[in-house]
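A, B, C, D, E and F label the chains in the order they appear, each numbered from 1.
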C-alpha cells in the first residue's frame, strides 16, 4: 500500500457543550496542523499516488471554509461539538467529495482511502480514516 | 476508524542482557517520549474518542510507576529485558486495564484498541498495538 | 551563558483590529506552544539554571490566566491587539514578576534574562526576550 | 503487532517527466528523511523486533547506493520517474532482500512486514508498506 | 528584542568543488526548510514585528528564484560553492533588499535585523544573521 | 554571523544530589539529543563554517565518552551533579579542545564560538554557549 501526505493548518475559535470538556466549554481556539493522507494499492502511470499540487490545493480549499472562523457560528456544525475528531471526519469527507468530483484529477479515482490527522498541540492529536 | 493520541514522557535507567545489545549491556538510561493512541470505529455521544483529560491523567498514572527509576530493580521486570518494545507492551496493557477498570470513563468502554509508541531518540522508536 | 527552556501550551480565541490582519480580523483562535527560556551566566550551587519543577509550575500558572479564554474579553488586553508578539511579552513579563516575587526559588535571583517563544503553527512563531 | 523504526537521510538530484510535475520537471533535488519500520506479531527471545544496530547499518547500506547521486543517471531507474513513492518502494524492497539474505540477523526471519516513509519537506511525505 | 519567524522550503540540485566536500562533489540535491526571522526592538502601532502575510509572500518570492533549479547553472552563483551557509546569506540579503524596497510594508522599516536558517536534514542546519 | 549545527544523541544513567531534584535523586536515565553549533563571523575559502563531516565525527567522539554509561561512576564527574546544564558545558568544552587540537581541521581555527543544546524530552532542554 502506498500513501502520500500533505500538511497545512487552520486557526479557529469554538466552544464545547458537555461537562466532559471542563474549561474547554468556554469560548477558546486552536491551531490545527492538518495532515491529509491519500492511499492506494498501486501507483498511477506517472508513478504517483496523487498529484501533490492538486492535493495541496484541494486541502487548502477545504480548510479555507473553516479557517479564521468561530465554528460556533457555522451552520454546518449547528448542534454538533466541533471536537478534533469531528473536524477530522469533516475534512476527510470533504476531501472525499473533492476526489469524487474530479478535483484531484482523473488519476485520483484510483485512491482507496483518505486519513486526516489534526494536531491540536505538541501533546495531543486525533485522526479519522475512511475508504473511498 | 477514529483515534486520539496523547503524549507524555519518562526518564529511566536500565541495562540489557544479550550480546545483541552491544554497549547497551552497560547500565545506561533513556528518555522515552510516550504516545498513547486510543481507537474506536464510532464517536461517543459527546463527539469524542475518549475523555482527553482522563486519558492524559491515566497515561501519567501508568508512567508514574516507571518514571525516575532503575528498571533493573523493578520486580515487575525480573528476568525480562526492558527493551523499548517490551515497555510499549507493558504500558499498553496497563492502559487496557485502566479502560477495563473504568478509569477512562464509561464512554471508554467503546474503545476498540490501544497503540503505544516510545520514541527513544530522534532516530529510533518502537510501537505496540493491541485490541481491547 | 547557560539557559534552560520548558514547554507548555495554551488554546485561546481572539480577533484583531487593523487591515494588516486580513481574515484574522474575524474571531478565530490558536494553539500557542509556549517555550520559556531562563538565562544566566553561571550555574547555582546545585549545578542548575533554575529549578525546572518550579519553572514548569510557574509557566503553567502564568498560562492558566490565558488558557481556554477569549482574549477579546480579558480586561488586561483592553485596547490592545493580542498578537503573538504581544502575548510573548505578556508571558515574559509575568514570569519576570514571578522571579522577582521569589516564586521560582531563591536561586532564580541569579537569572539574567528570560525569552518566550510562541509557536502559532508549524510555519510561524514569535519571540520576545528581556533582561531581569 | 510490534514495530521498530530507524531514521536516516539521503540527498539526491533528479527530474521528472510528465506535465503533472510542473516545475519539478527541471533538474532539482531533495533531502529525504527516511524512516524504515520493521513489523512482527511477536518479539524474539531477546525481547526485540529486530537488532536495531543491524537495522541502522542495513538502512545506511541501502541508502548508500542512492545518496549524493543524480538519480537521472542511475541505470536502476532508467525509464522510471523517481518519485517519492517509487523511492519508498525501492528502499523497502531492498531492505526486504537484506532480510531474506540474512543481513538483519537470523531473528529478522520472523519479521512480517516493512514500511518505508520518505519525508521530502516539512509539509509532504510518502510511504510504502509491504509484507515479507 | 522581538522577532517573528516564517517557514517555507525549496528543493534544489547542486554540486560542490573542494575535497572537503567528499561525496557531495557529485551532483546531488537537497530540500532546505527555510526559516526567516525578522527582529526589532519595539513593536509597531499594530503590535507586530512585521506583516506576517507580506513576510510569507516575500520569502516565497525570494525562494521562487532558487526553487526547482540546478544551482550549478545559475549565473548568480558562478564560481561560488552554494553551501548551506552561502544560501542562508543569499536569502537574507535578498530579504533585506525587499525590506529596503518597501515590499514588506512601511512598518518593516523599523526592523533591526534578519536571520535565515536552512535545515538540510534532521541532523544538520546552518544560519546567517545580519543587521538591517 | 554564520553558524552550522549538527545533531547526535546519547543515552545515559545518573542520579542527582539535592532536594531540588525531587524524584530525580533516584537513579534514572535520559536520552539527550545533542545539538552542537559552531559560529564564526566570516566563511572560510570553501564557503563553509566548518567541515561538517569532521564536526559530526568529533561530536560523535566526544559523546562516545559519555554514551551508554552510568555517569555516577565516571571519575570526570566525581562530586558534580551531571545536570543537563553541566553536560552542555562539558561537551562544549571538549569540542573546544578538539578545535584547538586541530581535530576539526585548520579552517576551524577561525571559529568564534560554540553552543551546545541538550534536549532531555519534548518539553525541556538546556544550552551553554562559549567563545573560542
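We adopt the following convention: a residue touches a chain if its C-beta (ideal position, glycine included) is under 8 Å from a C-beta of that chain, and two chains touch if they have at least 3 such contacts.
Remember, predicted model here, so these are calculated numbers, not experimental data.
Least step count on the touch graph, subunit D to subunit E: 1. At the interface between subunit B and subunit F, over half of the residue numbers involved are used by both copies, so each side presents largely the same positions.
Comparing each option in C-F, B-F or B-D with D-E by residue number, the pair that reproduces over half of the contacts is B-F. Distance between subunit C and subunit E, defined via averaged C-alpha coordinates, is recorded as 27 Å.
Note on chain placement: the centre of subunit A and the centre of subunit F lie 41 Å apart, centres being C-alpha means. Contact with two or more other chains is made by residues 7, 122-123 of subunit A. Across the complex, subunit A is touched by residues 18, 20-22, 80-81, 83-86, 88-89, 122-129 of subunit D. Interface residues of subunit A facing subunit C in the complex, by the touch rule stated above, are 7, 9, 11-14, 23-24, 26-33, 67-70, 120-123. On the subunit B side of its complex with subunit A, the touching residues are 1-8, 43, 46-49, 51-53, 56, 105, 107.
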